[in-house]
Each structure stands twice: as C-alpha cells, then as structure tokens.
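In the two complexes below, chain A is the common chain; its partner is chain B in one and chain C in the other.
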Partner chain A sequence: MVALFSLWPFVNTVILSFTDARILQGGRFVGFDNYTRAFADPDFWTAACNSVLYLAVVVPALVLLPLALAVLVQKEVPGIGFFRSAFYTPVIASAVVVGLIWQWVLRSDGLVNTVFRRLDLISQPVPFLTDSTLLLFSAMLVTVWKGLGYYMVFYLAALGNVPASLYEAAALDGAGPVRRFFSITVPQVKPMMLLVGTLSAISALRVFTEVYILGGEGGGPGGGARTLPFLIRQVGLGFAGETGYAAAISLLLFLLTLVFSLLGRRLSKGDEE
Partner chain B sequence: MRRTGRIGRIGRIGRIGRAGRYLTLLLVLVVMLGPIVWQFLTSLRGRTENVYDGMLPAQPTLDNYVRVAESFPLLQYTGNTLIVAALAVTSNLLFAAMGGYALSRPGWKGRKAVFTVLVATLMFPFESVMISMFLTIRGMGLVDTLIGVWLPGAVSVLNIMIMRAAFLAVPRELEEAAVLDGAGEWARFTRVFLPAAKGSLAVVCITSFMGAWDDFLWPLLVLTDSEHYTLQLGLKSLAGATTVNDQRLIAAGAMAALLPMMLLFFALQRFFFKGVGEGAVKL
Partner chain C sequence: MTRSQVIRTALAAGTAAGLLAALSACGIGGPEQVREAERTGKVAGEITFRTLQLKPAFTGYVQGVIDAFEQKYPQVEVTWEDVPGDGYNEKLVADAQAGALPDVVNLSTDSFQLLGDRGMLADIARLDGALARDYVPGAWEQFRLPGKGEGVYAYPWYVTPEILTYNKDLFAKAGLDAGKPPTSVDEFFDYAERIAGASGGRFAAFMADPKGRLPGDWQKMGIPILNERQDAFTFDTDRAVAWVERMKELYAMGAMPKESLTKSDDVNQLYGSGKIVFGPGSPGFVKDIKRNAPQVYDRTQVAGAVTGSLGHIGIYAQCLGIRKDTEHLDAATEFAKWVTNGPNQVAFSKQATIYPSNAAGLADPYFSDRGDGTDAETLARAIGAEQLKTAALDANTPVQWTNQVGDAVVREVQKAIKGEQDARTAVRKAQEAANRLLADAAER
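Our next item is the complex of A and B:
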C-alpha cells in the first residue's frame, strides 16, 4: 500500500521529469530539458520565490506564537478546556472555509475595508486580494491563523513533559516567571520548536488552497501570487497538461522540501551533541 | 505582621495575574473566533439587511441556509465527503494500528529498513508526487470516483508512527502478564495493546477524518463531474459562482460545513487533548 502510493509515484515522477510527456500521451526521453526550461522560466522563479518567501514569514510566526499560546492555556484554570478548544477551532475549519471567511474579511468591500472607510482612515480600499504581494501576505496571515491551534497542541504535549521539579527549584532560587520561561521552558521545548519549524516549513512549501480561494483560479493578477504547487497543477493538468515539465517542477519542490527538512534535522542533531 | 503582609501581597499579585491571564485569553479568543462568529452572524442576516449594520442581525433568519440547500446539493456533497471520510477513518485505524504494532515489535528482519523508508516518505510533500499519483489513479480507471479520492490517503505514514509511539509506551509488565496468562499474539494485540492506546486511536480517528474532510487540492484533480464533488469543492463553486455574490449565502455555506465539525470536536475534545499527551507527537 505504502509502496504503491508513496514510493512508486515518486519514482514515476523522477522518470517523467526527464520526458516530454503530456497528459494524454507518453513521452520521449529529453534529458535535462525540463530542468533547463524551468530555470529559464520566469513563472517558475516567481512561484519559487513566493514559496520561499511564504516559508520565511510563516515559519518564525508558527514556531513562536503557538508556544506563547500553549504557555497561556497550559495551566488548568476554570474554563481552560473551552479556550483550548476555541483556539483549535480554525484548525478544524477546512482551508476552504477559512479561506471563505477571510476572503470576506479582506475583500475590497469586506469587513476591514468597510471599517477603515467608516473611520475615514482610507479613501481607496486596500487591495488585499487583488495585489499580488498583498494577496500573498493575506494568504500567509490565513495560514498562520489556521496553524496557531495546531502547533499549540504540539507545544502543550511538550510542556506536559517538562518536569515540575525544575520549576519548583527555580522558584526557590527566586527566578520570576519571565526568567523561568527563558531558562527552563525554552531549552526544554527546543526540540519541539525544531520539529514545529520543520513541519511548518514543509507545509508552507505545500500552500495551495489559501491562495486559490483568496485569489481565484489564476493565482492573483498575472499569476503573481502562485506558489509551486499552484504552478504544478496549472502546468500539469488540463487538456494541454505538460506532465513531464510539471514532474520536473515537482522534483524541484521536493528538493527544496528536502533541504529544509535536513536543515531542521541538522539543527536538532547539533542540539543533542 | 510581616509574614501576613507578604502573603497578602502574593495573594493580590496572584489575583492580578489571574485577571491578566483571562484578559489575554479573551483577547486571543476574539482573534481566533471573531471572524468565525462574525461569519455566523452574517449567515443569519435577512435578505434586505445590510451586512455591516451593527453586530447582531436585526431580523435573524435561517433563510440563507434554506437557500443554500436549495441552490446547491449541499447534502449530496456532504454525503460524498462522509463516504470518503468513513473509508479513510476505517482504513487508517486498521492499517495504522497493524503497521504501528508490527513496527513496535522487535524480532523481525528488515524492521529498521522499513522504518527508515517510512520516515523518508514523510518528507515527500504530496504536491510533489500528485501528478504521478494522478496518472496512477487514472491508470486504475478511478478518475472521477470517490474511491480515487480516498485511495492515496488510505493509510498515512504519520498515523502509523503515532500508533507505533503509543504501542512502544505500553509497559512491558502488562505484556508479560498477558503472556503468562497464555494470551497469543493476536489476543495481546486486541486485548492489551489496543485498549492501552485508545487515546492515540482517537487521534488517528480525528486526524484522518479531518484530513479527508479538509482535502481540497487532490479532489480538485480527481473529480470532474460536479455530482461527485466533495463538500470543499462544492463550497469553492459557491464562492466562485458569479451569480451568487451574496455574502450571506457564502457565510451560510461555510457555516454548514463548519458547525458539524465543531460539534464533533467539542464532544471529543477531552479524548483529543488526552491522546495528544499520550505520545502522539513523540515521534
């Protein structure tokens, strides 16, 4: 099962990437043509830069904010179960639903723009969804908002494993809450921070739905907000789908992911030594 | 005197600290739930009402839900999604438990190799193999079928790892006692290990259900006939249709998709947070 749906598609992707296959027909071997084409293709570079920029903004936010959230809801105080579940709600909502909700918040006639206009802060609506760059940042906002609860749960598990005796000892030594956070909590959850960093990096490279729902089928004006998965789908499917070329971009996406996964691994190894 | 004064001060700081904690919690609550609540309120607004007038709808009505149900086969889409989700939950529970059990038991050749390969596949983003996956599914003649939507997610490696971690955490003594009682491998698996990993099973259940419920890109590739659409694809068509530029309708559609999930989650919440603590993320 795993072999059929994990290994074979991967091997097949590698093979395809060296052919000029199209969606309805097999292809001939063309060597590295697809790769040289990708490196000369401005669309590829836009998508790759978008994906990496996405990662650069979203990962730090998703490593730090959920930790703060987890510390906030860690203590068993009355009603905490409600808050935990409430913070987790955006995770339960599908990416499409979340996209729909935020699309309406950020539209030119949406909530934010309406409020701004009524407060006389702006004369023209802010083009959150119709400007490529702003669209990309809006999508990042949505990704972070949806990811907060998810990674909060990871940190909750990690915080649960920190021995209480450490805190008691530090409290006896007169360390305040801030001191205790930085000298005990942070070092203790550092492996989890690295895991969260790696996971959120991988998922940042996979972003598709947020951009698709917020910006529409084309990926923003001129496709300027397209991410790599977005490009893969556009290139690879449809009647003219260039499967071979799409496979080459897929493999480049995989390599990018591999680099960041290994980076996370290297960091955590260095930490253990 | 001094002593009581100190205790009094600590008490006051404690009270201020607690108030601050709840204040922060409420603030975050507004950020996290605010957009959802506002969307919910919008979905209740009457047809003539301005979407932005005041917080609460002036004439709350379920009219929008009726209209969504009339203009879009919402129930059918939900039914399709539930079929895929039920298949995914069943297959994931079954295979993840068996796979995780096998990987947690020592004494067979190649265990390490299988484990390494599995962990490595965790690094393939699905998006990087989806074109090839699509060709595989097409080769099997499963394009535009719900089976085709389900199959790639039939068992996720992450779930196998979660079950493995849970089984590894089962105390040795428990297993040895079962062996002394004459329990065979299968009896130990079903009577000792599965009950001990209930929390993780719940996590697998929830995550695989949510994965199937959530998925958008893959169904978008596989399904062409709108009759087979899953809920998420249906919702997209709700947003995309130029005829429906009514935020109240979109809100009602989004809420119809979200509210059942929220109910389910709030009901299972206790198991979920417990299961997570049990070792779900101790990879």
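Our next item is the complex of A and C:
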C-alpha cells in the first residue's frame, strides 16, 4: 500500500519528467530536455528565487517568534489559557479563510490602508497586493501569522521538559531573565528550534495558497509573485498542461527541499555531537 | 536463495513492474487512433449520459427527459451520471485517457475543443447534416473545429449570451444617462473614464483583470487573433496596443478596483455592495443579484451586450458530444437530439437561467416577454434571447488560445496596465510568447 500510494506517484513523476508528456498526449522520452529548459526559463528562476526568498524570511521568523510566544504564555497565570487558545486559532482556521481575512486587511481600500490614510501617513494606498514584491511579503506575513501558534505548541512541549532546577540555580547565581533565556532556554530547546526550522523550511518551499488567495490565480500582476508550487500548477494545468515539464520542476523542487532537510539534519547532528 | 537475495529480487521485480506501469500510464508511444463508430439504424443498447452539476437542482427535469426517451425507445437504457463542476474537466481528461468516456457527454467550450481536437468526438454533421437548420444561427457553427473542415463535433445544448448589466444609480451619480448604455468597446472605456472622474474613488467602473476581457474585446474590435492558416497569432497591432494603453490609463485613474487586476476580487461581491458600476455580462448574474443583494437588484439595469466593429457578441455554450467509438451510435445520437430538441430545451430554460440553442425553442413567447420593462431579470431574458436570434455569435475563444497562451498574454498585459512596461512592448512580448507556445504545441 505504501508503495502504491507514496512510492508509485514519485516514480511516475520521475519518469514523466524525462518525457514531453501533455494532458491527453503520450509523452516521448526527451532525456534532460525539461531540465535544461527549466534552467533557461526566466519564469522558473523567478519562481525559484521567490521560493528561496520566502524560505529565507519565513524560516527565521517561524523559528524565533513562536519561541518568544511560548516563553510568554508558558507561565501559569490566570487567564493564560485564553491567550494560548487565541494564538492557536489561526492554525485551525482554513488557509482560504485566513487568506480572505488578510486580503480585506491589506487591499487598497482595506483596514491597513484606511488607517494609514486616516493618520495621514500615506496619500496613495500601499500596493500590498498589487505589487509583486509586496505581495510576496504579504503572503509571508500570512504564513508566519498562521504558523505562530502551531510552532508555539512545539516549543511549549520543549519548554516543559527543561528542568526547573536549572532556572532556580541560575536565579541563585543572580542571572536575570534575559541571561536565563539565552543561557538555559535557548540551549535546551535548540533541538526543537532545528526541527521547527526544518519543518518550516519544507512548508515555505511548498507555499501556494497564500499567494493564490492574495494574488489571484496568475500569481500576482505579471505572475511576479509565483513560487515553485505555483509554477508547477500553472505549467501542468489545463488541457494544454505540460505534465512532463511540470514533473521536471516538481523534481527540482523536491531536490531543493531535500537539500534543506539534509541541512537541518546535519545541523541537528552537529549539535548532538 | 538467501533472505537478502529474495528481498533484492522482489525489489527488482517491483521496480520493473512499476516502470512498465509508469511507461504505459504516461502514454509513451502516443495515444492510439480512436476508431469511428458507424450507424446501424437500430436504436438500442445501454448508453451512459454524463451531465455537469445538474443534481439535485435539476434531477426531476433530467430524469423526466430520460424517462420519456426510454419510453419512446424501449430498447434503450440510459444510465445518467452527474459530476460536480469542480474537477469536471480533469475527470473528462482522465476518462478520455483511460478510454472510458461516456457515450453522450455534456461539454463546455474548452472541454469540447480539447476532446474534438484530439479526435474523440463523433462528427454529427456527417451523421445528421440536415439537423443544422433546427438550431439558432451560429449555435451549430460553434461546434466546428479549425482545420477539421465542415465537421460539427457536438449537438448545441443550452447557451448563455453576453448582456450588459449596470447599476443605474451609480450611472446617474457619474452624470451618465442610464437609458444610453455603451454599445462598443471604445464607448465602454469612455464611460469608464467618466465614472472614474466623477466617483472620487467611491466606486469603480469595471474589473481590471485582462483575462476576463481577452481575447473577447480584441475579437469584438476586429483585431485579428490568428492568421488565416490559424498557425500564428497576429494580434500585435496598433489597435491592440491602443486597447492596452486605454486600460492602463483607466486603471491609473481608478476606473477599476486595484486588486481586480489579478482577479483576486469577487465581482459579484463588488457589484452587490455597490462598488462597481458594470457587473458580469450574464443573465444568470442578474438572478443571483436578485437573490443575494436585492437592494442593488432594484438599481440594476440591463441592456444588449457591448459589441465592436463586427457587431459580435460573446456567447457561452454547452453542448452534447458523442463518443466517437461508442458501441451504440444510433441510441447515443437519438438521445442527444432528444435532449436538445425544442420542447426539452424550453422546459429546461424555464427552470434555469439559460437559453435554448434550438430555433423552435427560442421562438417560444417566454423568451420575448419583456414584462413591464422594469424587472431586470425578465428584461435580461428577453434581451439575451433577442441577441441570440439576431447578433453574430462569436463565442469560441480560438482553440489555439489555450490556458497557457491566455496566461502568457495576461501576464504581459498586466505589467503594462501597472506601468511596468509600455503597451507596445507588452503586446509584442505577449504575441511572441503566444507564438512560442503555439509552435511548441504544433511540434508535438
């Protein structure tokens, strides 16, 4: 069953990537043509750069911000359960709903632009959703916002395993909260940070919904905010869909994801040693 | 054999089997030619009929049509399968690939073009040429295919013509006469300019998304989309450049909501909340507005579609294709004719906001009744029907204008509308990209 539902589609994708298959048309073996085409395709490079930029911004944010949040909500004080639930709510909300909410926040006549205008901070609306670069950063914002609560739970579990005696000893030695955070908390949750980094890197490379909801089916004006999964969908979609080429881009995305996964694993091994 | 040898052998055998299956699945070697069925004169057999999302709203109607047919032809058994709209085309593709197309299948324009182009649909002009006169002018022609001669590859079913829908209150606020709507693409742009100038940003004229307007606007303006041999795009003309420049000016003026450039806006929502003047040009939309935004419905006016120098209007057509290698060709064709005959199409039109493609059906008084001229839905029905009878129908986006071509053109035009490149460059680059895709497709 595993071979049928996991291995088989993968093997099929690999084979397709060496053909010029299209929807409803049999593919001929074309060797590495799809790969050489991808490397010469400006759309591929735009999408690849966008995906890597996404990863570069989102991963540090998703490693650090949920940790800060977890530290804040870790303490058992009255009403803390409400905050924990509130921070987790975006996780269980549908990505489409989240996207639509942010669309209304960020559009030209949306909440942010209206507030900025009322405060006389801007004369023209900020094109959060109609400028390709800003659109990409807006999508990153949504990804981070949605991921905060999810990774916060990971960190809460890790923080729960840090021996309280370490903090007590450090307090006796006169270490303040900041010192305790960097000298005890960070080293103790470092393996979890590496795990969160790896998981969020994989998610960042797979991002699609946020860009689609905020930027429309074309991936923003001129397609400038397309990420690799977006490009794969666009290339392989429809009756003229080039399944062979789409499979080749998928394989390249797979390799990119593999590199970052192995990097995370290596870092985590180095840490153990 | 040791245990590790057994495992290795099993793995090798599994991999080989997987590769063989993959090679056959991805169709290496190309699809086989579909054989063509012949009429036998015997209307009998079990046929399958697939519709697009008609259950549960129209279950009674469709089942009634099937029951009546089976009563007329007792030797025929029709199995009806209804498929949801989401992923309909993908399912068709998968079935076509697997040789499992239904005998009679409901197709939209794009799925018709694809299946027809790949030689999977029967030529009904060959089977039933005299039938052409039963349909409204143009409807029959919709189902010819470029390069396929005089063949017609589907029975016209229900159609929806383009109309003009607008908010008359906003028209008045912009200083325009609601009784004189625009009639050409250029005039439509002039009105949009007036609206942008007068609204002060409170409302816009129409949606900016070029995908919704292309190639329709260009076809209406008489811009040649393809050369005569239909093997190269030729829309890189001064008129197309002027169209892009106009869109750019209007966008900058605020004639369109900024976010509508990328189709991330919902036109129904914007029209329903009184934020744009022109709604989508479909009679079905008027009905939706009546249900979802009655306060805006009261202010809604309808008129004939904006046309161009050629007087063409857009039309959205559904059809019934016959699987080319069906085992029961006579039963399938008789059934398709039955579903698309006048009385059955009229009965369907009375339940849904659609129009018959059948000439006798469209002549029914139901489609000429304008009521007292104040109800937008009644008026939309009459105007739509009148256009179907009289206007030249220019529905089909050329088969060469695939999703990929459309996306490539739209991407360049979007950049120009945003001012990131000039209009001439955009149109030139759009045509180059479109021709690259066309040449690439022709090579295969």
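The rule we apply is simple: the second predicted complex is superposed on the first by the 273 of 273 C-alpha atoms of A that agree within 3 Å, B and C clash if a C-alpha of one lies under 4 Å from a C-alpha of the other, contacts with A are read in each partner's own complex, and residues count from 1 in each chain.
Keep this in mind: contacts are C-beta pairs under 8 Å (C-beta built on N, C-alpha and C of every residue); 3 or more make two chains touch, one makes a residue touch a chain.
Every value quoted in this text rests on a predicted model; they were computed, and no experiment measured them.
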Which of chain B and chain C A:F29 touches, first, second, both or neither: second
Which superposed partner A:G223 touches (first chain B, second chain C, both, neither): second
Chain B versus chain C as contact partner of A:Q103, first or second or both or neither: both
Superposed model, chain A: greater residue contact from chain B or chain C: B
Contacts of A:L16 with chain B and chain C, given as first, second, both or neither: both
Which of chain B and chain C A:F83 touches, first, second, both or neither: first
Partner chain(s) touched by A:W8 [first = chain B, second = chain C, both, neither]: both
Partner chain(s) touched by A:Q74 [first = chain B, second = chain C, both, neither]: neither
Contacts of A:Q188 with chain B and chain C, given as first, second, both or neither: neither
Overlap of the chain B and chain C footprints on chain A, listed as residue numbers: 7-8, 12, 16, 103, 213, 216-217, 237, 243
Chain A partner contacts - residues on chain B that touch it in the complex: 18, 21-22, 24-25, 28-29, 31-33, 35-36, 38-39, 42, 52, 95, 117-118, 121, 123-136, 151-152, 154-155, 157, 210, 213-214, 216-217, 220-221, 231-232, 235-236, 238-240, 247, 250-251, 253-254, 257-258, 261-262, 265-266, 269-270, 273, 276-277, 280-283
Complex interface listing, chain C residues touching chain A: 14-15, 18-19, 21-23, 25-31, 89, 93, 96-97, 110-111, 113-114, 118, 209, 211, 257-259, 261-264, 402-405, 407, 410-412, 414-415, 417-418, 420, 437, 441, 444
Touching residues on chain A, where the partner in the complex is chain C: 3, 7-8, 11-12, 15-16, 19-29, 103, 107-109, 125, 127, 129-130, 213-218, 220-223, 234-235, 237-244
Of chain A, residues touching chain B in the complex: 1-2, 4-10, 12-13, 16, 69, 72-73, 75, 77, 81, 83-97, 99-105, 111, 114, 145, 148-149, 153-154, 156-158, 160, 192, 195, 202, 205-206, 208-209, 212-213, 216-217, 228-229, 232-233, 236-237, 243, 246-247, 250-251, 253-254, 257-258, 261
